[in-house]
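Should a chain be cited, it is by its letter among A, B, C and D, assigned in written order, with residues numbered from 1 in that chain.
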Amino acid sequence: MPNRERQWSKALDIPLTVSTLIFLAAYAWPILDPDLSRGWRQACTTAVWATWGLLGIDFGMRLYLAEDRRDFVRRHPLDLAVLILPLLRPLRLLRLITLLTALNRYAGSSLRGKIGVYLTGSVSLIIFVGALAVLDAERGHGGPIQSFGDALWWACTTVTTVGYGDMYPVTATGRLVAVFLMLGGIATVGVVTASFATWLLDQIREEKT
Amino acid sequence: MPNRERQWSKALDIPLTVSTLIFLAAYAWPILDPDLSRGWRQACTTAVWATWGLLGIDFGMRLYLAEDRRDFVRRHPLDLAVLILPLLRPLRLLRLITLLTALNRYAGSSLRGKIGVYLTGSVSLIIFVGALAVLDAERGHGGPIQSFGDALWWACTTVTTVGYGDMYPVTATGRLVAVFLMLGGIATVGVVTASFATWLLDQIREEKT
Amino acid sequence: MPNRERQWSKALDIPLTVSTLIFLAAYAWPILDPDLSRGWRQACTTAVWATWGLLGIDFGMRLYLAEDRRDFVRRHPLDLAVLILPLLRPLRLLRLITLLTALNRYAGSSLRGKIGVYLTGSVSLIIFVGALAVLDAERGHGGPIQSFGDALWWACTTVTTVGYGDMYPVTATGRLVAVFLMLGGIATVGVVTASFATWLLDQIREEKT
Amino acid sequence: MPNRERQWSKALDIPLTVSTLIFLAAYAWPILDPDLSRGWRQACTTAVWATWGLLGIDFGMRLYLAEDRRDFVRRHPLDLAVLILPLLRPLRLLRLITLLTALNRYAGSSLRGKIGVYLTGSVSLIIFVGALAVLDAERGHGGPIQSFGDALWWACTTVTTVGYGDMYPVTATGRLVAVFLMLGGIATVGVVTASFATWLLDQIREEKT
């Protein structure tokens, strides 16, 4: 990373994390409280678009500062996707990946610490936003998922691949969210489960010696 | 591979890929559009058999050019199976494996690139043709799978082993398709998920250093 | 293995395999054909107990010929369990493990060949006898599994952990069979799926070079 | 571990294991027998709190004897959690982890023996207490889980991720128990299944040589 790009990244680090948290709150609030007044709902929509604008400015600036711009775009496909696809409501949530990067900084330096803090945070965030997005898509469409509690429970049974079938999406958008949740969530939960299993085997081996 | 066999393979490469794409279109169209006129339906059936004939000519020619014919048959059991079993409608779809070989050529040279392009393509193709085959078997038999959207959703929940149970096949043919989808799809999705998990762990390790 | 024990094992090899096949037929027939006449049903029961007697003679003889009898019992816990537990109908099926050993002998010498023949055979046998045992336990008890086709389909969705929920056991015996099927089947299907996934990755790596 | 701490641990080893067994019995009895008289129910509640008091004395004593107290707390987060969270009924069951440590001591010295005894014990205990906790939360709340047999069956289908959907929790507490069961159970069952699969592959490889 060239020097000026690094300086810019460092300067906008905290503003971007805060902006993402504001985005998450502005996205979540109208979904969690369906009786929200029209004024607040409007404010949330504005906040969502404002934080998107900030992302655009950041991407443009980093692109401008980069030495090889074509290479910069190729190395940041997710940033670009986040910028281009805000019209599809559930895809906006991809932006929260920046939160994971912030979370990563506060994790300890050992691999186990990283897995403990970083992955548990990731799984929680994935389940939380997956539940939000599916509730947003499903409410009022006749499926079984009609409250946030049900949506959270559905997300948990999905990422562990248990899939009881008491809760399932019925709309096309909800099913799309489910497929994303399956792809990302199953892998992340798989890493957590495998790490726990490895730790368990290590414990057993240790006792032996 | 002896020289003449290689020349033949190279010459028929593009015609066979095109023929397989025509086969896929001719197989999919009558299933996706149940109101297709009798004439078009007939044309699709003809196209399916014509592409099968082309496969037969190709296999025969490669067998003729091979140095050790017994060994050639042993090394290409799938090609033989594709040729012998076209009478069972769902098994015809095994022919699409040639599409995957074509896809493989356009994938990058790194292992990660291969997994990105090749396996994502494979998973998409497996889910797409699994949904087609199950819809073909189930439509009009009283099960819950009656539209292509439902069939696609069912295929996604099956290959990830979530299996909510809102969609499931009820006919013997549909269940046979499901078993094939489970065997092939679970393994392929497993590779993609495991690769993503490995990449995730690498990211965590990299941040550390 | 001492010499006399080996000679005995070799001499009874084929009789025991044949006896196990007779046992499987005598176990399966009354389940697959619920309208079987009382006479034939009696004959099947007799055959089941006769083959059990043969197993007892074999175990006793091998125990008698063994150098260290305490050690012999410890090294063959499954043989002993098969002998002691014939009163629990579903546990009788454990005897079919000898069939797997026979199957193992006909598999090729390469690891891939072993997995191809041996594990595919094991999975098929496990699914087949699991379906038999669950149908035997469930028929006439009000659950959804009432035909052999349904039982086979249920066994397939169980060992792959998809578990749609259109079929599930409701009796205590049926659920016990399900737990056995989950333990044995999931592990064996896991090996087959993992082998397929490894093969897939090898294919991708090979193409590269 | 300093000398005095070790002596204390050794002296309280058997009393703590017995106390945990009493706790398990006192926790399980009122759940398994809903018609238990008020007097016995009171006795069970008293026993639960008395065993908790013993845990508190043990933790306090070990903390007092430890050389570096801050480090002691950091190395025993689970012990602390068990002590602080007894008000949440299902979390009390975390205390049973001490049983697993006791079980570990009776397992053989080989890794395979450890997995055989220790993990099978862990899985059985996890399934048993998961079934208890979910039945405690669900009984009388209109969900499908209303008897201990159903709860056990539900726990088995959950830890194997089969999840038929004939049984599922409907209360918030029951779903919390389910999430714990999924996290702990899936990992432990995964280790057992993977060990069995590895053993199976070893058997196949061995036969070859």
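What we mean here is this: a residue touches a chain if its C-beta (ideal position, glycine included) is under 8 Å from a C-beta of that chain, and two chains touch if they have at least 3 such contacts.
This one's a predicted model, so the numbers in the text were calculated from it and none came from an experiment.
Chemist: Measuring centre to centre, with centres taken as mean CA positions, what chain is farthest from chain B?
Modeler: D
Chemist: Given that chain A and chain D are copies and touch, would you call their interface same or different according to whether over half of its residue numbers are shared?
Modeler: Different; most numbers are used by only one of chain A and chain D.
Chemist: Report which interface contains more C-beta contacts, comparing B-D against A-B.
Modeler: If we tally the C-beta pairs in contact for B-D and A-B, the bigger total goes to A-B.
Chemist: In steps of 5 degrees, what rotation angle do you get fitting chain C onto chain D on the CA atoms?
Modeler: Rounded to 5 degrees, the superposing rotation is 90 degrees.
Chemist: Using CA atom averages as chain centres, what separation in Å is found between chain A and chain B?
Modeler: Centres of chain A and chain B (C-alpha means) sit 32 Å apart.
Chemist: How big is the gap, in whole Å, between where the Cα atoms of chain B centre and where those of chain D centre?
Modeler: Centre-to-centre distance between chain B and chain D: 46 Å.
Chemist: Going by the touch rule set out above, which residues of chain D reach two or more other chains?
Modeler: If we look for residues of chain D contacting two or more partner chains, we find 161-165, 194.
Chemist: Graph of touching chains, which shape: line, ring, star, complete, other?
Modeler: Contact map by chain: complete.
Chemist: State the interface residues of chain A toward chain C in the complex, per the touch definition above.
Modeler: The contact residues of chain A facing chain C are 161, 163-165.
Chemist: Considering the complex alone, what residue numbers of chain C touch chain B?
Modeler: For chain C paired with chain B, touching residues are 149, 153, 156-157, 160-166, 192-194, 196-197, 200-201, 204-205, 207-208.
Chemist: Quick one: in the complex, what on chain C touches chain D?
Modeler: 104, 109-111, 114-115, 118-119, 158, 161-165, 167-168, 170, 172, 175, 178-179, 182-183, 186-188, 190-191, 194
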